[in-house]
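Multiple structures follow.
In the two complexes that follow, chain A is the common piece, with chain B as its partner first and chain C second.
Entry: the complex of A and B
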């Protein structure tokens, strides 16, 4: 584990959220991610995990409270502000998360063209580098998502996120659509990113085995509230809340 | 075995003339539970369809081998008319969308019970309520009046199980019954399946991509890889002493609360039907591969009283493992 600096990279303070004029679906969430840290968000369908992810990456704005990135609230980060790229997302379904009409090389090159105004040739070159970092090389680079396996697609998703040079990756169930043998490759990839590049990780998952493998602290959510929060190992070995206990008991 | 209910031997399945599954061997004893484990495209669902008699709906057929239920040949599609629902019950894979959204839960059950004629002496409606109670649904009278969208995923899955057991089948096939469900619900459903099979003396075929799920509910398990059964044996023994390199790798690739050391992934991706290797289908990803593996496809060989492995090097691998060289 890297030494955590004082100022959190990503900070949610007292965040509540409602969709439109609907009921409040997130209640007073607090979360602080330091550089190179990893936090797991655990809970069942409808507990608010993915809504929280949307707030953390700045796709939606809290009804009250705030989310800050490197100390700046998302509200003040305008669309073309480079800081917008600091938090990147890796999605649950790798097929629908990629543009079906672009080759995977172009998918990643596009990020460099937009984020750094790199020339086409330079972007392609850098995209090649980036994709080889996630183990994709050769003819596969000219394929489109539909011609790739789920694991390959998810690696493209990770490469696309990395191309934006993020400080944090928010991964929403990144391996739940993958087979076990492929899942291990992706989990190792995410683990290496933290250790080698100090990229922080927010991992949303219902799989406690995966959470225990990748994170050092975790929050447990139920009905939009955090019911337990703490170091992952402690949370899983000695759950204090009955709901956490129930989740731990359900692990095969 | 005299109490064998279902026996598959050297079963092969083809779709549109292409052989997708072969060398499937397993048997299910009366009242016992067998798991079929494998990844996407390994052929586990096709094997299920073969047993359930629904291959023809996707243009498939059993192209070789034997499939016998109570000694009766199932490779003849006509054999199914009288079996379905009565002898074989099926909980399908996409069961969450399998209920008619415009029909109350009670209507689903009553229709099924009428068709199967299994109301018994207690009347169709009472039998329906009894079935819902049996699958652990609270206030079954109330659930009878509800529509599918008013139920949670776990509740809908329970209804599907109630429908599958309405005909008091001897064999229940559950194809990935918990994939779309939350973890705690998943555990409940697996426990329910175990409980029902014990209470009703029903046999169970449980299909899953997760060895953990299968280990919780079955006595025997068949591991499938790229359309073939590569290892078959008692679940406990197979998990503790896996003999096929694929089974070993699958276990090592699975994160668990107990082991937080680095996972060992399996390099590459599974072979697909249009590019099946000549020899062992796992060979391109296998750390123990040698020349003989590339020549011919290994067949299942006994390595214990009821444990079978399709690997040329199964014996050597155990020795290498024990010597700590792997």
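Entry: the complex of A and C
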């Protein structure tokens, strides 16, 4: 695992967010992810984790504060800027994350076609390599998502994110829609990414076990606010806030 | 394990698949019967649909299975010759609004320019809010009820113009709504993160998922257009006599229905067969075609 550098790859500064003219659902969130680092975001349903994920990947814009990638605010990054690819996402529901009308090979090949202007043949070849890295080979490559298991779809989602050569992957509850038997495979896949490639990870989960397995530090969210943050081990072993204590108690 | 077995809702849909497939087959068979009869009967029976072949108002017989009309024309050959025209007009009347409306609705739905959305949608609202049949009759009058473009018979261009100018609005609304739903899906969000151009997102990711919805509606719309073409003669428009057309045959039979029920009823029977087939196909597509309903 690479050591974190001083310059954060992804930085959220005083981020607040409200949907339209509704109430504020995120309050003054600060988060800094350094190259190769891993941060967990923990909280119950409705605590604002997924909303924060949307802001971190640039899908939505903060009401106040800013999110920067490699020092550049998301709002200045255009759709076709190479920097747009720096932060990718692994979605919670592996089925809805993939285009149901494309084979998984074409899903991944399209990333190469667009981001590197590769030829169709070259893109397909590279997509095969990428999918084999996540353990998908053979006839399964020509299947559509509806013909795959949840675990296989999630691997495709990871391969698609990797094809963009991101600096950071934001994984939004990547195992919550999967059978228990395949959850470990996906978590190991994400751990390997951290160890073998210099990719930062932001892992969103309501499960402290999952977070402790993959991350060095974590923030605990309740009602859109960070109630506690620090090294994951410390949060697990000596939680300071009663909400964190409740989360720990619900796991162990 | 398949996706269907894992995703709630998909698994529960499985038991209904078999009967719906049967419904699809029966529906396609009924449609095929009418279409094939309309294609082949006028080929094998070369009687001119406008020829006076027997005495007026002769009841059905072996020589004239649907009897004769008020001037002694063979209703059987007229009904299936009319089928060619009505079905051709229905297909032409559906395809243009389907393609135009789907593309426009998808582009509007994918656009972030709210002004464009407001302008186009208020225009479609206006067209939809206007009484449909009045609007169609106005267009028929403007184009000219007897206008002709060979090989189409007199009246056909006005019918096509009316359906093209009015019907795209429904497809545009449907496509826009579908696109708005799709935009909330993760796989469309992912295209933004992956830097795909808006053109690519529309052509490769949105349109392929919007088509099944609008195309399913188009199947039922075929029937609406057949009904519209058949209704226009009752309102003084539509295909002009003596061209054989379902509406004009029924209109003609209406005046003598107590003496010669076969003129109207034979036509109604054929349209009913087609309508039942179309509705069975639509029902089965809507109920069981997972690819049509999934994003």
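Some observations on this one:
Here is the rule we use: the second predicted complex is superposed on the first by the 250 of 252 C-alpha atoms of A that agree within 3 Å, B and C clash if a C-alpha of one lies under 4 Å from a C-alpha of the other, contacts with A are read in each partner's own complex, and residues count from 1 in each chain.
Just so we're on the same page, a residue touches a chain if its C-beta (ideal position, glycine included) is under 8 Å from a C-beta of that chain, and two chains touch if they have at least 3 such contacts.
Model, not experiment: these values are computed from the prediction.
In this overlay on chain A, chain B fits alongside chain C without clashing.
Once the two complexes are laid over each other on the shared chain, residue contacts for A:149 go to chain B and to chain C alike.
By the touch criterion defined above, A:246 reaches chain B but does not reach chain C. Touch criterion met: A:88 reaches chain C, while chain B stays clear of it.
Of the two partner chains placed around the shared chain by superposition, chain B is the only one that A:188 touches, whereas chain C remains out of contact. By the touch criterion stated above, A:129 is placed in contact with neither chain B nor chain C. Shared-chain residue A:111: touches chain C; no touch with chain B. Of the two partner chains placed by the overlay, neither chain B nor chain C lies in contact with A:196. When both complexes are overlaid on chain A, the residue A:7 reaches neither chain B nor chain C. Superposing both complexes on chain A places the Cα centres of chain B and chain C at an angle of 80° as seen from the Cα centre of chain A, in steps of 10. Superposition on the common chain places the nearest Cα atoms of chain B and chain C 6 Å from each other. Judged by the document's definition of touching, chain A residues 149-150, 179 lie at the interface with chain B and also at the interface with chain C. Considering their complex, residues 57-59, 79-82, 84-85, 87-89, 91-93, 95-101, 110-111, 114-115, 145-150, 153, 160, 164, 179 of chain A touch chain C. The part of chain C that touches chain A in the complex is made up of residues 1-4, 6-7, 185-187, 189-190, 192-198, 200, 204-205, 208-209, 290-291, 294-295. Of all residues in chain A, only 44-45, 149-152, 179-185, 187-188, 191, 206-210, 212-213, 236, 246-252 touch chain B in the complex they form. Interface residues of chain B facing chain A in the complex, by the touch rule stated above, are 39-40, 153, 182-187, 209-213, 215-216, 249-250, 253-257, 260, 262-267, 269-270.
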